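Note that the chains are named A, B, C and D in the order they appear, and that numbering of residues resets to 1 at the start of each chain.
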Amino acid sequence: MFQYQSFGESHGPAIGCVVDGVPPRISLDEAYIQGFLDKRKPGQSRHTTQRKEPDTVEILSGVFEGQTTGTPIGLLIRNKDQKSKDYSEIKDKFRPGHADYTYHEKYGIRDYRGGGRSSARETAMRVAAGAVARKVLETQIAEQVKIRAAVVQVGTERINLDNWDWDQVDQNPLWCPDKEAAAHWETYLDTVRKSGSSAGALVEVHASGIPAGLGAPVYDKLDADLAKAMMSINAVKAVEIGSGFETVVLGGEENADEIRMSEDGAEFQTNNAGGILGGISSGQDIVVRVAFKPTSSILKPVATIDKDGNETDIVTKGRHDPCVGLRGTPVVEAMMACVLADHWLRHKAQCL
Amino acid sequence: MFQYQSFGESHGPAIGCVVDGVPPRISLDEAYIQGFLDKRKPGQSRHTTQRKEPDTVEILSGVFEGQTTGTPIGLLIRNKDQKSKDYSEIKDKFRPGHADYTYHEKYGIRDYRGGGRSSARETAMRVAAGAVARKVLETQIAEQVKIRAAVVQVGTERINLDNWDWDQVDQNPLWCPDKEAAAHWETYLDTVRKSGSSAGALVEVHASGIPAGLGAPVYDKLDADLAKAMMSINAVKAVEIGSGFETVVLGGEENADEIRMSEDGAEFQTNNAGGILGGISSGQDIVVRVAFKPTSSILKPVATIDKDGNETDIVTKGRHDPCVGLRGTPVVEAMMACVLADHWLRHKAQCL
Amino acid sequence: MFQYQSFGESHGPAIGCVVDGVPPRISLDEAYIQGFLDKRKPGQSRHTTQRKEPDTVEILSGVFEGQTTGTPIGLLIRNKDQKSKDYSEIKDKFRPGHADYTYHEKYGIRDYRGGGRSSARETAMRVAAGAVARKVLETQIAEQVKIRAAVVQVGTERINLDNWDWDQVDQNPLWCPDKEAAAHWETYLDTVRKSGSSAGALVEVHASGIPAGLGAPVYDKLDADLAKAMMSINAVKAVEIGSGFETVVLGGEENADEIRMSEDGAEFQTNNAGGILGGISSGQDIVVRVAFKPTSSILKPVATIDKDGNETDIVTKGRHDPCVGLRGTPVVEAMMACVLADHWLRHKAQCL
Amino acid sequence: MFQYQSFGESHGPAIGCVVDGVPPRISLDEAYIQGFLDKRKPGQSRHTTQRKEPDTVEILSGVFEGQTTGTPIGLLIRNKDQKSKDYSEIKDKFRPGHADYTYHEKYGIRDYRGGGRSSARETAMRVAAGAVARKVLETQIAEQVKIRAAVVQVGTERINLDNWDWDQVDQNPLWCPDKEAAAHWETYLDTVRKSGSSAGALVEVHASGIPAGLGAPVYDKLDADLAKAMMSINAVKAVEIGSGFETVVLGGEENADEIRMSEDGAEFQTNNAGGILGGISSGQDIVVRVAFKPTSSILKPVATIDKDGNETDIVTKGRHDPCVGLRGTPVVEAMMACVLADHWLRHKAQCL
């Protein structure tokens, strides 16, 4: 029901998306969306790409006098910082870890400039769509709906869970909820970057204030749709719900989230399920963890071939995030918002 | 393009599914599908539920004189072993870890008999659809397409990767590729079962013989669709592609799968990507790992509430798999087959 | 949101369908659905095919203790009257007006027995799905929602609009709202049948009690979805909404349905729009007219070819409706119900 | 498979669309699309709206170095001629025949400027998408694929079918294939316009060079999808395939398109079926006729209400087409192209 479709390449004239299915009479303006885009914007610290783009979003349709009209919302961001650079290195060579080889094999043509369609730039539009989704949830469920993500591990370095403080996340450039870890990570990432390497990241997202009942029993399970949405983010290689992989080693009685009564109704004593049972939200926080692989564009040379089948090496110069998972964090939040908005509308249709 | 929709509850008259989009003139009969169903069948060892069902599938449509006609294939399995048992225990109480509470909250009604729609029984239809999908892949890509899954961990016990032997998988009731581990697991699971507890499992699936080019760049990425398909299986809580969560700790140069030329063309030197780059298959084996939580139906009492909000305990008697991941293995294979068949047909449409 | 998918061939083991998206806690049983099927049943008069089938529907899932559960509703009808007859005539020859040639060209295989998938028998499942859709509308909008179709022309013979009486429709075997016309048509159709020919029909359907607001502005317009649904019925060649083709010759001021106020709110003075403006229901009766071509299976010989490219003639013996539009009438009602139920649920999702 | 989604309101900043599923390596540039847009452009004769817009399309993505890349094609047209006019007349009053009342009832908000989303302006994007669809058909089927529409009736005035000359269609501003009728229509429409009224139109579209096999047996029949596509065009109230409503009065033997053999294979002797049998193309020309109602914006006053429920009259001043069907003609062509491109890709997926 809540749908978005993006278009656009990294170095083409613009990127954009169409968000459809949005209920009418929801307050929405460019400034609101821009706020979320700015969080994801490159060039905010030395740990993210130095490509500088204002990334100014324009609402082209679907909003009238500050309110949604129920018709498709067209969003556009002009690409401004397309340096006319020398692409001879990546034009014919396939960068390992990138989509170069598979796009070539599938389509026989690819816009190699800045990665074209496979660039993380596309995720700006997801963040924009996510901002609209948040508005839907806040307006229709409750203002208290909160969707927050944090980086819990960078490369080999994990946070201390006991230090978790959501307020810290906005106070360091690494989306880290552990103040001490954040300081340490800065040094760690400097080392990684200077060595010409890159680091992966583990991102955890929580949605709170979501009522029980969102989801479906079999194919369009809430967790299944979340898994798809997260895995569709560039560089993501794994997704887990609640205790995820950890549940494999738990006994059935340890894994069971026991239920007691509180003043507000059912109260689960633990949340191994990550807020989803049988594909449907239980009213607990929805908790998802997502693994980002290390940035594939690195300064260390790696062996590859070119499109004529010659063996060669490649070094990816240019402005790249040493840890792509950092800027992935607001994208993870956005995908959570989009999936929940969609299931909220479906739930209304069938059950409310 | 390749679509399937199942219907049916655990203790209703029947379960079934409709498989649509199947190309015409593919040999198909009930015996072929039955072969895969029999692998998933309950009651084959003491480690799976003792519910005994012949699970005989009937092809109702879409096949004429032994060949698919291109029209929807209706498949049906009558439920035979619905014991008219006493449901008073689970009728009103919510079993922790099950869908009882969320179905109740969403729909205000639920078929509590045997779990109704949330029963793992539904996965029989996925296995049936998966059998059809395999036929599509074998007929249209190559007979050599192979989709194989194995259990690589049960509870705390992992296989020794050095012992991996695909031929072992069919020779023990635990889908274990490590002969020694299999023997050990039997004892381990007996202990778990006798203690009234249950165990999780880690299942790994490989698809080989799949050409480069299946998938799409952004939303319907092959890995995203696989994540959704796997996460939609009952009891699955995590999915990873290739090196998955492990990639977080790898440096960019370690994670990069370098490419060299062989006689057959591009040859990746490693497979951290799990055969998927930028959402599109690379021609390498597609490798996915799936975490099954421990069976929620256990003999140890757990705290819960009933639908009137009274606090109580529950013990789930009856015939349950102590490790639901075991019988999940053919379902994981089936989901892989279905997703690949779908993307194969899409790839034909757009690029061939 | 309200979806149905049928499967099954005319002379296969069974036909069936899966209805998904149905809200929970709606009363539903087999007798209710059977009532609508019985209206469509063949063999009720000399004007419809003499094939005799009990067409007993079985609910396989999605209903528990007489109420929908919100999960997919599986419906099944076993084929009973598959005479093992001689198909040599139609096995290799293409019957003009039928799908024989196009199925052969598309699929290279076809189940020729009784027309296989292209048989009007498939429409029984639409009537069954339509019965469920009616329940959704009656339960969620108002008991007063009424969907009624009538035959307004058979071959060259039209009704007198002044004689329109809905109560007549059930009192003659021709779904005719004009008592005099019905009597005349019986004679007319006897003549047609005896001459070995067949007749077309014009069917008109009205939905009343539908609130304003169902539909969408551009692609999924209510009238667009109705047009698709109606045109997908076997033998239908044209669809019009409200005054339809007649509007071509109207001046703008004649075509405009002027609006005045009544006690109940806006009151349109005419209904040229057929109850739909800008793709959205206006609260007036929704009126659609559908043209059925004459039955293609006739006793007069027509020129054709066989699949080896030899020129030949064909006479279609067997039990055929001389006017297939008659039995199409409940199907037209059913499609109206399905489209409205779908748009009702969508409207709830976005706007309620 | 071939999908397009438009966005944008008549007087917002821009209209646009995203075309997805396009095969790679198809030549495409803005000039090609612009050619089709120019045909639909307002202000080309006194018989169409005098609103003047350059309607310059910009390709934002999905094309690289003059060729499609297989990724979504973003298209944009900035709105230039939004006169800041006085909307007080239509802001609160509901124009009969327009979407004003139903948008208000559905959404509780509407962009009333120029009709907002319900403006025929949206069809510019359909024409753009249709241009892309033509490229798909011409590249993948044959250069000879031809999709041509003509106006065959304006108000009460029909062409003489014997005078049909496709070459005439481009030589008069009325898309008329009959030179004599064209001259007569000019006078006729002047009279209509001067009287403050408006006229409907009947448009016929032919697709030739389409092979047998496009379509599907039951729900997604080619004719059903064409009916939906055509009915979704603004002001369309009826759709017929081949002989359409006329088939009602034909005997079965008259309606049957007999088949003989020619050097090129099967040759139908007539085309009552309009090139579609059983929902699948037969290789004959695909023929569809579409009825456009008279323009609802007229200078004659009509009775209506305002949003506060007061009875009033309305006269729609401004720049309006006296016969909206004229400019609908290229839209009808575009919809035919889009539906055929979609079914072509589906056919490839399943059967080629």
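Methods note: a residue touches a chain if its C-beta (ideal position, glycine included) is under 8 Å from a C-beta of that chain, and two chains touch if they have at least 3 such contacts.
In this text, all values refer to a predicted model and were calculated from it rather than measured experimentally.
Novice: Tell me the fewest steps from chain B to chain D, where a step is a jump to a chain it touches.
Specialist: 1
Novice: Would you say A-D or A-C is joined by more C-beta pairs in contact?
Specialist: Ranking A-C and A-D by C-beta contacts puts A-D first.
Novice: If you average the CA atoms of chain A and of chain D, how many Å lie between those two points?
Specialist: Inter-chain centre distance comes to 39 Å.
Novice: Quick check: how many Å separate the C-alpha centres of chain A and chain B?
Specialist: Centre separation, chain A to chain B: 27 Å.
Novice: How many Å are there between the centre of chain A and the centre of chain C, using C-alpha atoms for each centre?
Specialist: 46
Novice: Give the residues of chain C that touch two or more other chains, as numbers and ranges in rising order.
Specialist: Each of 5-6, 24, 70-71, 106-108, 117, 217-218, 351 in chain C touches at least two other chains.
Novice: How about chain B: which of its residues touch chain D in the complex?
Specialist: Those residues of chain B that touch chain D are 1, 21-24, 70-71, 217-218, 345-346, 348-352.
Novice: Spell out the residues on chain A that touch chain B in their complex, using ranges where they run on.
Specialist: Residues 5-6, 94, 96-103, 105-108, 117-118, 122, 153, 155-156, 192, 195, 197-202, 212-213, 215, 217-221, 223-232, 237-245, 247-261, 265-266, 269, 272-274, 276-283, 291-298, 300, 302-305, 309-311, 325, 347, 351.
Novice: In the complex formed with chain C, which residues of chain B make contact?
Specialist: 5-9, 12-16, 18, 20, 24-25, 58-62, 64, 67-74, 76, 106-111, 116-117
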